[in-house]
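Got a structure here, written out as structure tokens. Questions coming.
Order of writing sets the labels: A, B, C and D. Residues in every chain begin at 1.
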């Protein structure tokens, strides 16, 4: 096992196109008439603001990612992508597993005065992962160096032995997608509601976006990450508030939960 | 833990269309000119033989499936489907895990004269899964009945505790796809090269196909499952063999492996 | 040719699931923990508000649609759907084409005081479509009733003759998609910026949604059709306005165009 | 209008990865165990022969294509691709349309002794396209040079005027897809059953494949283009023939049509 920080790997393998490819594609869709839209930055903002998403599909990027299996299971739900994963059917996984850092374990135990639950958590997770891996090797009849342990029996097939590993073991894959779908990924996975363990990957990708496609990155922050959507009812309430009226939840048809979300978007909660 | 046979669940929740929907769609694509193609069975055979796949997309089916996580990880790679999985972020998984039956463990150990490795395998897999699940509950600070164990500390978040479970634990989902993509799934996963643990699901689905769309099922068996594809080189060799010539691998440009596959397709190996 | 109103055809052929299928799928993703979320309506609103879109993929619908080719070319860009189109390669298209109603031709000529251009438009479009269709039949060596015109020559292949038809001729297809993608279609195509000729189809589908999935329809209106998204900059301006400040475009980093859109969303323009 | 040969445009705009990217992805899926598979060529052949398609998704290519609208309507059915098309809603199309060359018109009229039908065909198609375009400009109130024709009336909106153009007018787009889906496109569209007018594009792309990914190209020819699939019944007949038996259609359960296809695959018809 290595420290959490050592393992998180998001490496750009290759990419095709950048902000220029987005602009080029948008212009063919507007033809001659686009001569007036001379400014790339404004065009990219316009596209994102109006959900004209196809030009962003014209840029493509491929990553090598190393990630815990339980994170991979969330990640793979993004179907508009190409994936080649390291296969534990044919290969042997390394003794690499994820243990949350102290502060993330303790973040879950706010009300615990002693604050000792975390230590137990980390120790349990580590012990079980180590034992599971030891037994994985044993089932394979393999030692750490890949040598057969016992001559007098054959190991279990790799495709079966792997089932003894826990969900915090690391897998890796090549993952390739286009800029539009990458932004969808980041929007959903960099969100505060996303699990911390996938959010850290989304944030690394966000940094990569900034370097790769600076104009798209800026517009994406402005029109997606920092944006908020207001429902029809919320817009009505907003109109009344702007007209100077004092509005409370019961004056609207919003539920308590929706009202709280509404105030939070306005930073009034 | 229950016995393997108790757990495999593939339940049809709903479906839309059947052989008739395939035929209806094929006929609109052929318009008036299809009056002559009066026979549904022949039409469906023709469609499959000629890879006219879009009419098969017009029938849809939805399953409830219960399956080990390592099987789910293979299954989810079929992207042209809709999935809602039981979430271990929000819910607690049951103490249900998969242990291969004796014959599947031993199938992996043919050359082992003593044949005792398997027993060890099953015991190890079972012990580790039980311990992992015990610790999972402990991390959650929950007993089996959902009651808090200790008052003086808060459990770990569900989204973190689950990482202690091994890949043979069961998950479940609703999985919905169209008939074309379902046949792709079955063709790849009912194949002898597929892992046994996903093959059993594919075989159950194959039985469902037979009841749901008998004409498509028959044509699918004939033109996909029992069919074989011969490369350009293989066709040349075949032509010479049909002309009465004795042909060996070295007379062709096929590799040893490809030649063996060629003979196997002809049941001559 | 028939009148525009006669031709627009959106017929539900089949469907699978409804609001209940959405709720059922959402609940499996929340597991035991959802017992508290007892109210279907609230759950569906919650899902749409938070872009939890996969449960809406669990309901499916299939339409028979008759539509002008230039509309079909916009429609087909929605890739997450299944399509079987009437094939003009194999069949003969009918003498059916779309001519915009007077008010839609004149809607394009607001500043034209005489308002006579439209009449010319309709006549030209009609004459050309009729002539193109006459020549189409002639190229096929077919009369309207499907009889050969001349014995002494063979007609042009259907796949070639069709190229003489103009883009307002009607085609038809079966089109099948899931509820999530159907809402995407409606959101984009019922939008005031969409071309009128596809918008009328989107509006018919919106009415179908209301009957098929009333709870989803209501939430979709509230959180998509009547909703508005505000960028980070727009939210800042909004915050200042709510604090009683008078804000103008130049006080913000919004462009003139974005500022106007901002006011329009607040119905302040 | 220009000559057919002048117009066909398939221009590579950009690409990402090549044979090496396929091999790299295949190896991560085989992990350490692949050390033995040292030969790239053999690995690529193996992948294609066994329908291991995901590694081919790791290479991506983007084209600029100019094509008649009726060809674009077939092409767009390949959904696993990204498209930005020149928009006739916002821009004015050029006076460019496709007229089949004499030999393709006559290919359709084999039994026509006079062989004059073709001339009529070309003349009709050309005259109608010219007239439709003249009227298109007139509806727009635009001359060829983009100048307004009459001051006293406004032209029809571009999105409406375009419906007067026939299906042989040229459109253009950026089209981006991965190597796996590109091979699917070529396999279906370079097939002798495909319409000539799309086949020419598929053949140009096939030449591009040869330069871009020579190993994949070679394997694709061998295992797809020159390959043939035999059904279960066909394999049985083949077995009997190889055993020296004389087999006729009535000895099998194949239909006349399937039997003829069977013999054609063996080049025995």
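Please note the rule applied: a contact is a pair of C-beta atoms (placed from the backbone, for glycine too) under 8 Å apart; a residue touches a chain by one contact, two chains touch by 3 or more.
Keep in mind it's a predicted model, so treat the numbers as computed, not measured.
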item: B-D compared against A-D, more contacting pairs; value: A-D
item: Rounded Å distance between chain C and chain D, as computed from the means of their C-alpha atoms; value: 28
item: Geometric centre distance via CA averages, chain D-chain A, whole Å; value: 37
item: Inter-centroid spacing, chain D versus chain B (mean Cα positions, whole Å); value: 32
item: Residues of chain D whose C-beta touches two or more other chains; value: 54, 77, 83
item: Topology of the chain contact graph, where touching chains are joined (line, ring, star, complete, other); value: complete
item: List of chain B residues in touch with chain D within their complex; value: 42, 45-46, 49-51, 54, 77, 188, 193, 221-223, 225-235, 238-239, 241-242, 255, 257-258, 261, 265-268
item: Of all residues in chain D, those that touch chain A in their complex; value: 14-17, 21, 24-26, 28-34, 54-55, 57-58, 60, 62, 82-87, 90-92, 146, 172-174, 176, 178
item: Residues of chain D touching chain C in the complex; value: 68-70, 72-73, 76-77, 79-80, 83, 89, 98, 100, 104-105, 108-114, 116-117, 120-121, 124-125, 128, 131-132, 135, 138-139, 141, 152-157, 159-160, 162-168, 195
